[in-house]
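Note that chain A is present in both complexes that follow, paired respectively with chain B and with chain C.
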Partner chain A sequence: MPKCKYDWPEAGERHLIGTRIDRIDGPAKSSGQAKYTYDINRPGMLFGKIVACPYAHAKIKSIDTAEAEKLPGVKVHLVQNVGTEIQWAGDEVVYVAAPTEELASDAVAKVKVEYDVLPHLVHDEDLSKVGDRGKPAAEQKSGDTVAAFKDPDAVISEGFYGTPIVTHCCLEAHGQVTEWADAQNLKVWASTQNLSGLPGAIAEAIGVPATNIEIFTPYMGGGFGSKFGPDRWGIECSKFSKEVGKPIKMMLERDLELMMAGSRPSHYAKVRVAAKKDGTITAWESDSWSTGGPAGGGKPPIPYVFNIPNQVTRHTSVSTNTGPARAWRAPNHPQSAVLTMCALDDLAAKLNMDPIEFFHKNADLASERTEVYRQELRKAAELADWQKLWHPRGDKTPGHIKRGLGVSMHTWGGRGHNSNCNVTVNPDGSVEVALGSQDLGTGTRTIIALTAAETFGLPIEAITVKIGDSKYPASGASGGSTTVGGVSASTRRGTIDARDQLFAAVAPGLGAQPDQLEAVGGKIQVKGDSSKSLTWKQACAKLGVKPVQVTGKNPGLCELGSSGVGGVEIADVSIDTETGLVKINKMVCVQDCGLVLDLKTAESQCYGALIMGITYSLFEEKIMDATTGRMVNPNMEFYKLAGIGDIGELVVHMMTGPGYDERGVIGLGEPPVISPGAAISNAVANAIGVRIPTIPITPDKVLAALEKGGMA
Partner chain B sequence: MSRKKDKPRKSAAEAFSRRDFLKGAGVAVSGGLMVGEQVAGATPPEGATQVLGPGAVPITLKINGRPHKLNVEPRVTLLDALRNHLDITGAKKVCDRAACGACTVTLNGNPVYACAVLAIEAQGKEIQTIESLTTGGKLHPVSAAFVEHDAQQCGFCTPGFVMAVKAFLDKNPNPTMQDIEKGLGGNLCRCGTYVGVRQAVLEAAKAMKGGKAHA
Partner chain C sequence: MQAFEYASPTSKEAAVKLLASEWGETEVLAGGTDLLSLMKDQGSAPKRVVSLAAVKELKAIEYNPSTGLRLGALVTLRELLDSAEVRKPYPALIEAAEGVRSPQLHSMGTVGGDLLQRPRCWYYRGGYGLLAQMDGKSLVPDGENQYHAILGNSGPAYFVNPSSFAPILIALGAKVRLFGPGGARDVSLDKFYGTPTSADQREYDLKPNEILTDILVPAAGGAKMAVYEVRQKEALDWPLAAAAVVLNLDGKTVKSARVVLGHVAPTPWPSPEAEAALAGKTVSESVAEEAGKAALAKATPLSKNAYKVQLARVAVKRAVLAAAEGGA
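The block that comes next holds the complex of A and B.
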């Protein structure tokens, strides 16, 4: 019996929770029927394209659109005016729209913009070269680092570590289709992570009330943190559409998508870290810096995971002309894992300690999750065959292929966001849950259906889920691993209330009190007496003509979720010392996230995170040219994503059962993507005996490091 | 990256490496006008070259067994013709330069990047898109295997991937994992669904034509 009326069912009473459920929109996606924003074609629609600034830093001197406007059907819309200072290459100056994409491209070529080019900075790896673009923040300290580093028993490791800017590279580019139903009412099909928030974010700028704006996001092709706001293109295309009296579709082209629609900030640090000879970590000192574009880059949460007793951190924010920062799956955490876990791995090597043993020993510095980490470290080591395969730094076996293992740990919050839903149970037995959320591919639709089906004792196919329309009850933005906790909790509360109303309607007929009934196996029955039962359809017919309609909310009564997870990942790699190529043999992910609702989509999040992690560890970098200030790889042949042959064997283990399930639902999107960078870097160091200071670990860096003195 | 390695090819994996895709696409584009002119207009006198465009020309595309007549400029890609002119949107536009595979369709059974084929040169060929795979509401075995093995997250790469897998299995009914990793290196996914895709391909191989999969 649950302690609180909305609680999740106890382990023995779940029929769907924790099992492997196919995503309910899988057939629509794999058959090509799912319509994304990019696929929307409206009658009379124009295609919008962008005239972008080619310079990293410049002032607009003049704009001439006359030639473009002579093209048949071409319209133009000024986005930035003469005199505006542009801060990154790719920033938008003029929008054009035309009846065909080809004509819109011609129009872009005919717009003439003159600029006064200004000095730019697009690199920040070497802090000594950023001049006055660096803004140091106040030093933060706790404990006594001076004494701790001077301790004669201290073993000290020093190093430089870092990660460059990477981009989101969502396969569905940013953009939208805007259409005015009349002078006061706007419809927008938007590829967004924040459906319910968009009307309010657009309303003031375009001068109509938020209630007159309806956003549609039935499907969206990836966001990863880069699609929360309407963006300038959302607002300006709304205006542009109104000006021309036609719908406009404007999706960013791939080069602009990579140049300006999202940078994950760089993070670099010089780190000193100390431990006693027995391996107890005692002190941390770091000088870090980062950039996320013109606004600079914030301080990363370092030292990460381990709350080292004596620590001093200094951070410098560097302003660059590299395009604006956006949240990137687990903001600042993957970088912090690299800065911390690589430094600690180097310290373990100096102590001649096995890093798993070293992390075990220091796990009590990992706050309230010490025991979770210890369990996860043991499980991950077992799955990676660590005992057998790990060796001290430098693979001493003959030959040019060197193999190594590395480990990293991470943490994330993941508490459910605010969410509202409408639950309807109809007299014909049909059930609908509607809420203003969006499915980024994480399985949000499926989780909502699963939660409702669990409460009603129905198969998942019996539930109709409606999301992707801002007219449904507001639900939070999908970011920070907050969606699953939010939508499952609002749905659970709404469906429990709806079920109780149904119980009240059928109880007299069953000769029982409502609280003596249960909904299981497609029936409403008296608990413990299946002879007194009605089928779901029979029960709903007792409602007469009036459906049950209930609003579910999160937060609300009873704790259905919580916050805070651990996670351990191990990488097993082989490096060809002749070519410098790193090959992933195997990655192990051991992850907790409280109560797992759908094990299949939960594991998919982890597999996907490992692959995204392999990609940013080995391939991804927004490469900027110092002279022109432009990105040199704004395309998918040189901004590389891992392919199906690049990932090795992936092993995912979800921590579930007693000790985990009681924590309720916690988000999972971010945590497993945090550790791959550090785990892979540590594995490479273990293999070749020398640290590659920055990811991505590309062949040129491996060869350069080996030349300087790898032990391999 | 393993897909860039130039290894001796094995018979089962002969179908389409990323490299072949790119090579094929290049050849196809450079030959585009010639093919287009043959189909679009009267046969030119021997030795003469008929120039099409730059204005729109009438063409006929045979898509999923049905002829579609449309007017497009010769520079319009097959992908834009499908999506913008015919509202057939299963093939997705992502890189628009033959790098990612999201727009994969088949021409006479061979997989191509629709962004790197001109619409005029696709005339006279059997164009098959993802829309053709579901018949009477029943999923194709490849699509069904993608669902079963959760080989999709956001789903934007999925239609292209499914078409590439289908074409791959049509020519490689008994693929090994090595064949799969080589033969499907031309389709990229950002969410990271390759683990599911690998399993889905093995599963679909079993379901199609009684093929037997090797683990």
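The block that comes next holds the complex of A and C.
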């Protein structure tokens, strides 16, 4: 079959793809030249601050802003009215804006709001205590679990597993600067994962057409799924700016950021799982529950990865006053990995099987990626020195330090989103690619430049990438690990078309047909005959006064990417059984994502995911006080995040080459963050011989479990 | 944060004159690593802030082998770490400073500020006052008390003293010199801390118009010493439990010991029980373990912090072993 015109170059023909490329915006970021939303200051701008409800559940009785409005230059804007029922502490009631941040804070303190306090619920780990806040939400059955569990050959393991609510804790808080250019035209500098979608999401609420709204997100300090919408603060600040006739900057303070700008739902489950004595998994039964705030919590995709033939799953959704849920890097997958992979690990222990062998044995149940998982299991075991270091449950070596290894597997989609770009090749040789995308910190800018440079045979510095402005051609939201597939495909198609137009312009001069030309090493030349060539600059000069301008699109002709990845991670930990402290010795991440464009930014995603994973496995929890209904740790002191000393050695291996590259580009941002919780929990169980049912694995839980009967 | 007047006097006399005689009116500023965050969180709203940065005499480090060490209150953790004079006779003071594993805190935080930093109780920091009360009742006993006191916690205070220096300084027999309108007074550090019974009291014996000028540490006389802190995270975190131990040895036998626990009670917590368990013994793993058990025998953990009893036992044990093996 002839190769499609729009395709990625073959292995031998790539000059940038698959190599390690530094991010092109690294210097701008590390020198402070990169301007984030937080850094934007506009002439006459006011600072907005939030009067938040201190109660977890309450009805607004009265609002009095008179004292605040007496302060010089202070303006107020009501967000919720008297009579409204508030569902979480931190929810916004009134906005104030003032010429300085300090004055805005003073004004917040002067707004008086009275509430009728209502009963709240902020804990859900113990389902028996949630009363009528728990509602049966789903029940699914397949196969015959009753028979499978009754089978005399069945080995059955039962357990309770769970993960509490954690937050996103983006380095850059949510927020924006809103400015009206005139009565009809709004500019918003927003920290958003959804630049091109934001005008449409704001337009109706503020009563101007989407075309009159321009969004800027040149740089962004992380979103992790929490920044898709304009949010109430985006919409209300747009209105507020119009009311006061001035730009307003409102970025959430850290406490409100942690309290209300995103929770990853909790997930708990009682699980029964069975296998035949030879290790073949036969049946799964689970009663799960979760909360993602007032709207409750949806059913997790369990059993995870393994398509167990006989299964019944029941789920209860618990409505709590803990703040609203938002997508968190691989929504529901990290929790599902804990519920499933920990249960399966306990089953493997009961079968006296090495869990890697157990996963190999059951890899057939892991959908169409069986062979990928097998390869990844082998590679991960090799990198973790599993053969040498793994032992059956309970490290029997003397002393109070116990070492253990644990493994987990995951899956994700990651098909490229819709994306459009404008490619311009100018007669002076300069090249520009513009698209309405955003770089969350993942390296999107670099990927676009790399893709264009690859097509044109140019060094990466030769490409100017323009993103972060909603006036550029629309590109999808950065969610679901869809960005790399989307922007690389639109850029590849656009640059191939542009290159072909350039070939057409220069072919006659080279005495060749356009399809006989290639763009390599900064030259346009006749394939295989470098004596017939033009430098890139000379070639572009042939364009005369008319630049090449084309639009690239995804989806489009020919597939440049696909969907679906696996991934295996192994944790190697040591536990001090006297203190219950867990130390990470090493984390191994083996990940596929089809064709890897920039090996360095790909590996960086995995490193970052491992660190984030270690953090939620050992430290993170939105800790709520039952009496006040408030989060007690809404700051970076008590909302503990791992530091460089806490993460151990991180080993990342990307699966590439034949069998992987042909799948085209697939997203990677999410999958590697899924497995750390289960892998670490399994490693701890392997070390001390007893399961810590819930993450984070804190010293109190370890000591309590050891007291109940660890092997250590 | 509310607007305030800022003063930067150059002498301790001038500083004291700028201070009010009631808490809440004025605050003393050293490195600001604690005070500023309290003020930002509205935990303190002084009308005047008196910086001690320009009072040069508070920066001294003076060591004399026979009389001991005088540390000016404004000595930073970095200066302490860099001081060869302190390192040799008092290795455990260096260990305490190293435990605060943050270059920023080392650069800005002062030894005086460390001794006087306010409790980290999250209810206090979250706006419920020093005694963590709502409607006159403490939120701690039925609440999120995983980091709270396990000793001296019959109420109304349940927070723990956060200082890493106080336990070892008490174990070394240190005094603090306080300077007020009536001149200087010295207070033994083990008498300096107290448990407040109302939210407007302080958890130490400093008057609102006094400043801490010096920390006076007796000569160590060849004593062996160590601190051991159980930390969940390597950096930017407080210990979950800590112990400081000073041993006077006769050969291998303990003539006398000082054992002071940290992060277990509203004050640093000297343990005569552990000291008695060590006296006359040759230090071994089991002797050290007995000392740890003795120190915690009277612990009264709250609903979520029983684990801290074990951590504190281990801290004592490991500090005893480290002291016996280790420095000075």
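To be clear about the criterion, the second predicted complex is superposed on the first by the 709 of 712 C-alpha atoms of A that agree within 3 Å, B and C clash if a C-alpha of one lies under 4 Å from a C-alpha of the other, contacts with A are read in each partner's own complex, and residues count from 1 in each chain.
We adopt the following convention: a contact is a pair of C-beta atoms (placed from the backbone, for glycine too) under 8 Å apart; a residue touches a chain by one contact, two chains touch by 3 or more.
All values reported here derive from a predicted model rather than from experimental measurement.
Of the two partner chains placed by the overlay, only chain B lies in contact with A:612; chain C stays clear of it.
Shared-chain residue A:98: touches no atom of chain B or chain C.
Residue contacts after overlaying the shared chain place A:698 against chain C, while chain B stays out of touching range.
With both structures placed on the common chain, the touch criterion links A:51 to neither chain B nor chain C.
In the overlay built on the shared chain, the residue A:578 is in contact with chain C alone; chain B does not reach it. Shared-chain residue A:467: touches no atom of chain B or chain C. Touched residues of chain A were counted for both chain B and chain C, and B has more of them.
Once the two complexes are overlaid on the shared chain, A:165 sits clear of chain B and of chain C alike.
Contacts of A:637 after superposition on the shared chain: both chain B and chain C are touched.
Contacts of A:627 after superposition: chain C is touched, whereas chain B is not reached.
Taken together, the two complexes place residues 102, 581, 618-619, 635-637, 640, 642-646 of chain A in contact with chain B and also with chain C. By the touch criterion stated above, chain A contacts chain B in their complex at residues 22-23, 25-27, 29-36, 38-39, 41, 47, 100-102, 169-173, 219-222, 224, 251, 253-254, 440-443, 581, 583, 600-601, 603-604, 607-612, 615, 618-619, 635-637, 640-647, 650. Those residues of chain A that touch chain C in the complex are listed here as 102, 105-106, 109, 578-581, 618-619, 623-628, 630, 632-638, 640, 642-646, 698-700, 703-704. Residues 1-3, 18, 73, 75-76, 80, 83-84, 87, 89-97, 99-100, 102, 129-131, 133-134, 139-140, 142-144, 146-148, 150-159, 162, 180-182, 184-198 of chain B touch chain A in their complex.
Every residue of chain C that touches chain A in the complex is listed here, in rising order: 1-3, 42, 101, 120, 122-123, 125-126, 128, 134, 139, 142-144, 146, 230, 232-237, 240, 304-307, 310-311, 314.
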